[in-house]
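In the two complexes below, chain A is the common chain; its partner is chain B in one and chain C in the other.
Moving on, here comes the complex of A and B:
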């Protein structure tokens, strides 16, 4: 942590970056995002296993985009988001200084016990940052090798259900959606200036918080994240009614991996899979 | 279910191949079920997955999507992009528990009038057996 604070001070005092996005303490054994502009404030920065927020979401904010160069404290999963933002031309690689943190997994949000790792950490392949200007922390052992295909346990369990059970499950879950749009705000990939739900001519998605609106919104949200979701689980974490949104996102992650052999957020040279095609894409349902 | 119930099927077809194919079916006097309502789009790449959900939401019992065969697209690559979109969309809708039996995707060229007519008949028969699709329509009615 001293190394992080020292580096942040250095960067800010030498004017190498205009601000640093990092974590600071809340005083309640939790961490919250902090935007640091002055070198003397750098002492507030912390990093521990409760830093679960994905800070990449702030990189596409208007006031942050105006800055010349921005530093960001990022775990491997946050760096996946940054990589995706770069390949989608939302930020310039030169404009971000990535302070990569090695990470042994973060605590399940809201839980008191440090041994309970968050669900996203089970399939994490980037405990050591894969793209960073500076890596802080000792090298940790990767639990999943990079070339291994991910398989989510919760998804495997869910797929055993019949079609009717699945439909009933989602009607029950998505009917509880209060349409607060927290999932959209917390998602580093949801950066559209105007979201499809805000359009009213034509209005594709009912804006009321009824079962129909909840279904349509969550469907389109998951669809728009296909091949882009980097499995940071922020949407699920911020959901005030605890809808298991990652089940939908992970379905599409696995489908994209199976069909297009692509995983988001690892390769700076890659193209987003739904903007390109292969002439011999394999499907088995078109007649 | 009433005895005289007839399914409503919406077909989104591309302007260049399937619409011309449907036209050929008409001019060749092939008989096909009148349950299908054809909506012409510029390209199969234009058919947003949202169309599909919206159609079922509004009370259609089945949806057909049809475009040019791969390599035959008027815009060269529209149907390749469409194919990727449908692959992802299909995975999502299956996971949500939407009845994929009711959604038929096909490639049908301008010379395949008979294929189009047969496909419409086949889909109509299938939907008739499945009965009206109420899952999504019921969502409209239920408030929380």
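Moving on, here comes the complex of A and C:
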């Protein structure tokens, strides 16, 4: 913590960054995102196992984008989002100072603010930051090797269902959606200037919180995240009505992994498969 | 009048009986680890053991989406069909902070334009409220003059006397008539457990003065404090959609060329496109301007219009916020800033 605060103070006082996105305490044994602009406020910064928010989401917020250079406190999972944002030309690597934090997992049970249905940290491959300007914290043992293909237990369980059961499952789950857009706003990869649900001439997606609208919105979002979702589970964590959104995202992740042998957010040089054209694509229709 | 009691089992039976007999019965169900108030049907997993439901009872009177008319276009012209609004409604399972929102929303929906959808539903409904037995750090009803055992907006108040039952307090004629009509479900005695009531007003301390808050807001539309209060807001609508008093809506058509239905859907001032003009100018461009609107509307604009704060202190918005923006902290920051003035 000392090192984090000191570094933040240095960066801010030497004007190397205009602000630092980090975590501060809420006074309830919880952590919340904080934007620190003054060196004297750097003392508020903390890092612990309640720092579950993916702070990369703030990098594309209007006011933050206007800043010349920004510092960010980031765990491995957050860095995966940063890597993707750089690849997709949303942020400039030079403009971001990444303070990487080694991490033993966040989202401990018992927090009412972080009820997750599916494990987020148990399949993490980047407990040690894979892209950072500075790494804080002792090196921790990686529990999953980088080259190991992971499949979530909940997805394996889900795949045992028949097609009809799967459909019914999602009809039930998604008709509960209240269309609050928390999933979209918490998602570092949902940065579209104008999301398709916000178009009304014509209205592509039903805006109503009914089974049809809930289904349309969540499927569109899942498809748009395929090959881009970096598995941070923020959408699922922030969903007020506990829809298991990661099961949906992982279904598509699995497809992308199977078809293109690709996982998002690890490699700055790799392009998300759905955003590139290759002459040797295995599908005929695209060549 | 002799005391009357109701057990959880009987309450469950009653809700299912009502729903089977043409009444729109709303009650608390446990689903995937959360408690929500929703329309009851025969198989509903009704459960009364919760601290607070994720959503509020607002959905019963101001649904997430509501058909307001349907239409057909033909060579003869346009044929419009109204929606019947004669169904009786019973809402069981909210807390006093839910019920208190009804008179508040009534002011708005009964204001210059009489919104028959809300008003008719309100007229047809019986509100049965559960007194609170638990509070957390996000609760602040007493700061707004309400109480965890408050009666505002309810027709019947249920006060827990044991793990599986309540003492029934009928508060209005509607409540009395309801208790009489369904007397079979109620009973005249129930063994009381000394541990109840668990919660009194003093357990939810008063933390700010809404008058002071309003005064500060009125003089500080432009103030850097707003940016500080909402610095981590990412502009979703979780707070407004779980709020018992937020009432903004949008009207859309679901239509083909020759017929369609028109619906009234929830909308929220915290969403970036809420105020976007056709010219693409947005008067509330930044996240903090939208959050300011939310606080301003509740603590100042509503007071100017209706002499009441449009917040009941339930704390749902704080609990639902994934970015951990906390309304109580926000209002306390304003209260502090108003300090010496």
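For the reader, a short list of remarks on this structure follows.
Following the convention adopted for this analysis, the second predicted complex is superposed on the first by the 266 of 287 C-alpha atoms of A that agree within 3 Å, B and C clash if a C-alpha of one lies under 4 Å from a C-alpha of the other, contacts with A are read in each partner's own complex, and residues count from 1 in each chain.
Rule of thumb we're sticking to: a contact is a pair of C-beta atoms (placed from the backbone, for glycine too) under 8 Å apart; a residue touches a chain by one contact, two chains touch by 3 or more.
Fair warning: this is a prediction, and the values are worked out from it, not measured in the lab.
Looking at the shared chain after the overlay, A:186 reaches chain C, while chain B stays out of its contact range. When the two structures are aligned on the shared chain, A:32 is found in touch with chain C, with no touch to chain B.
Residue contacts after overlaying the shared chain place A:198 against chain C, while chain B stays out of touching range.
In the overlay built on the shared chain, the residue A:237 is in contact with chain C alone; chain B does not reach it. By the document's definition of touching, neither partner reaches A:154: not chain B, not chain C.
In the superposition on chain A, A:209 makes contact with both chain B and chain C.
When the two complexes are superposed on chain A, the residues of chain A that touch both chain B and chain C are 176, 209-210. The residues of chain A lying in touch with chain B in their complex are 158, 163-171, 175-176, 204, 209-212, 215-216, 219-220, 222-223, 226-227, 247-248, 251-252, 255-256, 259-260, 273-274, 277-279, 281, 283, 285-287.
In the complex of the two chains, the chain B residues touching chain A come out as 49-50, 53-54, 57, 70-71, 77, 80-81, 83-92, 94-99, 104-107, 119, 135-136, 139-140, 142-144. Taken in their complex, chain A has these residues touching chain C: 26, 28, 30-35, 53, 57-58, 61-63, 112-113, 115, 117, 176, 178-182, 184-186, 194, 198, 200, 203, 206-210, 213, 234, 237-238, 240-242, 244. Of all residues in chain C, only 31-34, 36, 54-55, 64-65, 137, 231-232, 234-238, 240-242, 250, 252, 254, 263, 265-266, 268, 271-273, 285-287, 319-320, 322-324, 326 touch chain A in the complex they form.
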